Amino acid sequence: MKNKVITLGEILLRLSTPGFARFTQAGSFQALYAGSEANVAASLCHFGIPAAHITRFPDNDLGKAAVQTLRRYGVDTQHIVFGPGRMAIYFLENGSMQRASRVIYDRFDSAFAHIERGMIDWDKVFADATWFHWTGITPALSQGAADVCQDAIAAAHRKGLTVSGDINYRRNLWQYGKTAQDIMPALITGTDIVVAGITDMENCAGITGASFEEACRAFMRAFSQVKKITTTLRDSVSSSHNRLTGMVWNGQSLVSSQPYELTHIVDRVGGGDAYMAGLIYGLLTQKSDADAVEFATAASTLKHSIEGDVNLVTVEEVEALVKGENVGKLLR
Amino acid sequence: MKNKVITLGEILLRLSTPGFARFTQAGSFQALYAGSEANVAASLCHFGIPAAHITRFPDNDLGKAAVQTLRRYGVDTQHIVFGPGRMAIYFLENGSMQRASRVIYDRFDSAFAHIERGMIDWDKVFADATWFHWTGITPALSQGAADVCQDAIAAAHRKGLTVSGDINYRRNLWQYGKTAQDIMPALITGTDIVVAGITDMENCAGITGASFEEACRAFMRAFSQVKKITTTLRDSVSSSHNRLTGMVWNGQSLVSSQPYELTHIVDRVGGGDAYMAGLIYGLLTQKSDADAVEFATAASTLKHSIEGDVNLVTVEEVEALVKGENVGKLLR
Amino acid sequence: MKNKVITLGEILLRLSTPGFARFTQAGSFQALYAGSEANVAASLCHFGIPAAHITRFPDNDLGKAAVQTLRRYGVDTQHIVFGPGRMAIYFLENGSMQRASRVIYDRFDSAFAHIERGMIDWDKVFADATWFHWTGITPALSQGAADVCQDAIAAAHRKGLTVSGDINYRRNLWQYGKTAQDIMPALITGTDIVVAGITDMENCAGITGASFEEACRAFMRAFSQVKKITTTLRDSVSSSHNRLTGMVWNGQSLVSSQPYELTHIVDRVGGGDAYMAGLIYGLLTQKSDADAVEFATAASTLKHSIEGDVNLVTVEEVEALVKGENVGKLLR
Amino acid sequence: MKNKVITLGEILLRLSTPGFARFTQAGSFQALYAGSEANVAASLCHFGIPAAHITRFPDNDLGKAAVQTLRRYGVDTQHIVFGPGRMAIYFLENGSMQRASRVIYDRFDSAFAHIERGMIDWDKVFADATWFHWTGITPALSQGAADVCQDAIAAAHRKGLTVSGDINYRRNLWQYGKTAQDIMPALITGTDIVVAGITDMENCAGITGASFEEACRAFMRAFSQVKKITTTLRDSVSSSHNRLTGMVWNGQSLVSSQPYELTHIVDRVGGGDAYMAGLIYGLLTQKSDADAVEFATAASTLKHSIEGDVNLVTVEEVEALVKGENVGKLLR
Amino acid sequence: MKNKVITLGEILLRLSTPGFARFTQAGSFQALYAGSEANVAASLCHFGIPAAHITRFPDNDLGKAAVQTLRRYGVDTQHIVFGPGRMAIYFLENGSMQRASRVIYDRFDSAFAHIERGMIDWDKVFADATWFHWTGITPALSQGAADVCQDAIAAAHRKGLTVSGDINYRRNLWQYGKTAQDIMPALITGTDIVVAGITDMENCAGITGASFEEACRAFMRAFSQVKKITTTLRDSVSSSHNRLTGMVWNGQSLVSSQPYELTHIVDRVGGGDAYMAGLIYGLLTQKSDADAVEFATAASTLKHSIEGDVNLVTVEEVEALVKGENVGKLLR
Amino acid sequence: MKNKVITLGEILLRLSTPGFARFTQAGSFQALYAGSEANVAASLCHFGIPAAHITRFPDNDLGKAAVQTLRRYGVDTQHIVFGPGRMAIYFLENGSMQRASRVIYDRFDSAFAHIERGMIDWDKVFADATWFHWTGITPALSQGAADVCQDAIAAAHRKGLTVSGDINYRRNLWQYGKTAQDIMPALITGTDIVVAGITDMENCAGITGASFEEACRAFMRAFSQVKKITTTLRDSVSSSHNRLTGMVWNGQSLVSSQPYELTHIVDRVGGGDAYMAGLIYGLLTQKSDADAVEFATAASTLKHSIEGDVNLVTVEEVEALVKGENVGKLLR
């Protein structure tokens, strides 16, 4: 049965300071391995959807540890390749109240950035797959990564997979000589479901709009094969308290989820990936756009209560939250 | 002087995941020994009221560790018996925000469940006692435990003690062939102060009512020796934020405490036990119902700021909260 | 260039219970070295202002560890003296919600309390300095400490430094035979910028007023060389949630900062010191009173999100908060 | 290619006290999931040999966590079944010097003990397998477990797999009404490679001998299809210091490894499983008996330096130790 | 039944650096409450001998925590008194290999040092007691403590108790104006069993000898009521490796235990107290001197494998070591 | 007074697994900042010798944290430069017994590797200096680092400083197109005291010898200005147990220290740096070669008992070990 979701992207060693310690206070770092696309795969596995992640790891024990992490989540790692290079790293300092959270990236020259066309046999990868998910981080890392992403989208198209792409524009990447606007339009052209806010659309495709809906209309005019555009609205009252709403533009209407108050955030990293996994789950299981966006936003809400990047919750837990059941209870 | 409070019940090894980790994330568990009735005894000791707990422990180092925990709190452990069997366990996953807390019980076949009539010499236990407290958990565990509870209530009656019982109906217990309605009415018949919400009254005695007050009136008609019925109203805004109010029906009027906002819950397990200890303290020290319920609810409020099941606060701290003094201060 | 800020005062070993543990639950204590005046110096170093701290440490490894802590922050420790005596200690239990935080001081007979006139060469200390800061804790500890403080103020005056003093009246100090009113007026007489609330002014100088402004007017009539009086208004909703506003009376007008909601406090100790460091920074860099109090209050706000006594934030972070930028964001 | 090793057995939640703490000192327990046979499978995966483990887990989050642990090691978990019951547990107190290590088992009535004939489709399990490994713990737990073990051995025989069995006699199991001598002979009859010391042979098959070699000769006369008998000699100088030698009787000669000094043991649990995994690796890769026992004993030696039950070392590391290379070096 | 052992002495908060950290590296301290004499009481409770400890604690939460620690061990705390003063503290840095362990004492001016004649009702304390144990630390702390110790010995004598005293001379105490030779002889005069090495005998009573035996003979001539003198020989190969032998001079012969190799020391503090508790146990249970010293030395050996000051082992464990059973085993 | 020692070199973030965990087991890493040359500087500061370290850090919070670490040790950081680039990192897995320790370096493209001629004003750096120390790691990192090292040696020569260089040949560095033999001879030519073993001499200068002495004679013939060659002999019995001897060839004779048994190693990283710091201390304080090598080897021995790379011991502690005093004692 073709029901697997394939994700592509870099995985980083996340080194976060303990509690609310600043970088200069840290005598140790909590360590885990995560990446935007792999987070989606791992979350889908917790929803019962088989998923495989494609990446390239350094041929050392850090690469092995990262593979083990993915396997633990149930992610299929058989197509991962190994080779020279370093493990990408990011350092995380958790904010609190008015103090912002901060990330120091140390991802240049990673084993993944040295991925090249031909290292992955996409036809084999997609043999039992139904969905392919990529993000704008990959083409921003290196020409090789952009090429591999382009090949993957093309192969997915050939094989009849649904393709989703999270634009996720980050200004401090894109250092290999190309700009987002050089590369992204071709990738978006092969994509069915796009995650993008207004600024993403402007930065990656030069498309603007006075509102999300207007920008979506313009975006769909430019990329006519795109079927849905989705984003989350996040109101950061403080590092400890956010408000979250999910939105989907399906070409006809703008469908919004109920808003959630995230009043005691445990870990906000991966909130967007949790949303995307929820949306893919919803669409794969034939939910309506309205139900899918509710599921996705509830999933993302729960992620903010989970330590680490990955949304370790079940379908039952997300559906209970959508219905307002068991919220904050002690379930014996 | 007869002033000791006696409690009877199972004590479990509580194994809780660190911080907000899910069960599948836990590389270690915080460990402590606690149980609903023993929590009441320990809290009373912190209020200066002598208390002894009656239970049966496995004859191994986990049983010894549990005894040491009680002794640390000042609970008299001289009447505890030991024998074959296992330590009851519960696993706790702390929720946060919308995510519920979850408990996995692993308490069947415990040394306590194998307690039997005759293992405890109740006349000796009650020699210097003035109050006996039991909960509906005990008779739900095994026929032997139900028998011992029944014997204790009878002996307490004979000796002129005040008897309190926390109905605490839990559907997933009661697996030894009897139902709550088979067993509980006889136990309630020997009880002066009952802790019960509307659903407890229905599940354990088949008594219903459109409101707490109505249910209490019906309950007292059925169990005419019951002098007070008490409960707490808990509004779970989220796992991190609850609202709490205590209520006592004394046969004539419904007395309510001021409501408390619990906005940053540290540990909500044992909140009800802290309330009960506060109420026993209040009634033992001749407070009015109104003052007793204020004391009990303030005590329970403070418990939510304490790690573990036991309410490690003093009478002075509770009374200050009742008066609104020192709230949230830095006391140098 | 004369641009150094000099602070004088005792440094204590702070031993705080882990998480929200009560003193009786603590199997370990977090340890750091801090003191009101040294906190100001360390915070100023993080703002790029050179600062030296003057104190007296026991001639053992705890004294060495304290020196190393200061050096780590960038504080100049060359003028610190060593001798017999013990390290002052304070034990801290973090409150939560309604439960207050508590401090047990164990600071009597410390190496600093045995400081004596002549141990510090103030002319040398002040050679490249522009500001001297003291608090009311120092003269409260011993006659020797009061003498040294008096000498420092006199020398600072001679050298043309600005002098700031945080009255910080604490009733349970002052045990060496003198009262605050015996000692403080002479010290205040040499001080330009005074930190004092209404009760401080009453306790230390017998000056009262129906409002902060009125008390300030009276205080300035009594101490005519005082140029500014400042304080923070703190509303303790709970141990986890405070509200904070800074105020400066400059002789003509009362200037207030915007109020801040501190909704998830990480560590409130040192909040006042962070405020004072912010104010000194503001005044040293020629900000208006309005801008200085905004800077100081924003600095203090951020401190409440930092573990430990010292405000480990930069000028850029404080200024961003004043402008409402980056609040609660994830800065990649 | 048929190259998979299949293992069958119970997996327990191991709860060990931190450091050298006694049970009564433990405020937390380190937690991991392990079992003798699964340890063999996991070690083989680290040697590059595919392995699948067969067990039955409780249908709760502890069962899920155990599956995730196996997946992390690379063990194939697709054939594991789930159902009602509890997770087996063992508590471990690490000894030091003269003080012995101690285990409290809490494994009765586990989900695995409730396994029954027919729950596992052995023909499917063995489809791509070449080796089956069982231990004497399984038939000691329940009649159902003994039946399943018997079925597995029969099916393995049918499919032409090599069968290894670790007798591992434990007196305090065997509580379901059968003795080891009732059950074990039939299982040994289907086994090619037997792990047994002198006392195991006596307890499980009533076979005695003045020396290991003599006992082996008698054992092979009784069980003529057994091809090799192996054991390790362990000299416990103290909990911190053991000596270890491996031995194989192959019907003709007794082959011994070099002896190893284990002078600073980190964790000795799983030492025997590491030996068995090493021996299976050696025999599967066509090593001579002498080379296989050297590999196995070196593997077991390294295990004693690893935290947890599983031998997380590579073939390269074991082979280096056999050759005496890199011992105790700092490999940059 | 008169069978209780009474101990008298100061209890300190022990703050030890984690692992092998130096004082300057410690960001936290492990915390426990212990004292030489209380360690003896707690160890006896683990041997099944009832014991009560007499001390004076500060009237704050540190005093409460210390009481709770004693209660946990089973020590009777009913006679402990409370009052103003501070908790005595000692800081411990664990050595390793050639690096020595170091202690910083901070015990002057403690609540115990302020104990005074009349605060303890010795006749009541000794009502059900058979043995009184003191050490030379107590009279070294203050005149009040020396007086109380003298009173206790006198009362014990009156009541017919056996009195043991551990001379334990420490040069850096004795700062209140008296020397050991001023005070100790009178205390020794009331003591039956003396713990003293050669230097102790010289420092406290001016008695010398070329060997332990010779010194003992001289000591017994000077203090004719002394029945036994005991000591341990400790050979410190390194901080990690000691050798230990116990010796008793009973007036006629010198009885020595087997020597023990302590090759991987976990915590050597309290080793002498464990020895003393073992000796008291042995003599109380009518062992011969030879058996008592074997028991005591084996007990002390096991203590070195236990974290903390108190010897948390049972009689069964000590007796097994005396017989050489279970040494370094894994007891399932 | 010219008495400062200047060191030059890269500082890395050391991320070590907790306890004896393997890389794949690490859920956190202990973090500290260290580097061979800076370790020498920090150790010298603990010996009372002023020292400054020269390096280039990334202009982010990791660079700030590293500076703070050096300041904490007392190292003068005023000449450190900052700029773009990443923090060099190394991951450390502590071995135990036969299992080797392992390092994964991730240091390419660091801010230090991008150091260039002219970034450091050596005349200013050396203004108050008497000694300059470099290692062979620096020229192995990049052409810029080699140039800066060459400039430093030349300037030191000009200023009359003593120059020491630790050859420290590491094969897996030297990846920028030059070999050690291309670069090192010119650097050695300006060096007075050389740390080198036989293989270092061969790899860096092509000089061989049948013994250390022979190689030294040949080396001094080739580099006639070299005054002393020193090395340590390390016998790795296991990761937990090494033997260590220091040796100095001074042109006339080979002077060796007493050998040390390191039987319970806490942390062996930095052992060579501790030796070098000891030797510099000895030579700076006019010790004989024999005394200097004893001091250096004793210092290195103590380092193996200290967590982290830096030898946090005093001159008094080292001298006591040389004399065999206080070894393994408990110093109260």
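Things to note:
Note that the chains are named A, B, C, D, E and F in the order they appear, and that numbering of residues resets to 1 at the start of each chain.
Simple rule for what comes next: a contact is a pair of C-beta atoms (placed from the backbone, for glycine too) under 8 Å apart; a residue touches a chain by one contact, two chains touch by 3 or more.
If you want to know which protein each chain is, UniProt gives these names: A, B, C, D, E, F = Sugar kinase.
Worth saying up front: this structure is predicted, and the values here are computed from it rather than measured.
With E-F and C-F as the two chain pairs, more C-beta contacts join E-F. Relative to chain D, the chain whose mean Cα position lies farthest away is C. Mean C-alpha position of chain A lies 46 Å from that of chain C.
Contacts with at least two other chains are made by residues 22, 24, 27, 68, 102, 264 of chain C. Pairs of chains meeting the touch criterion: A-B, A-C, A-D, A-F, B-C, B-D, B-E, C-E, C-F, D-E, D-F, E-F.
Residues of chain D touching chain A in their complex: 68-69, 71-74.
Interface of chain A with chain F (complex): residues 15, 18, 22-24, 26-32, 60-62, 64-65, 68, 86-87, 89, 91, 93, 102, 104, 106, 108-109.
Chain D makes touch with chain E in their complex at residues 19-22, 24-25, 95-103, 105, 170, 172, 236-242, 264, 268-269.
Looking at the complex, you find that chain A touches chain B at residues 260, 262-266, 301-302, 304-308, 312-313, 317, 321, 326-332.
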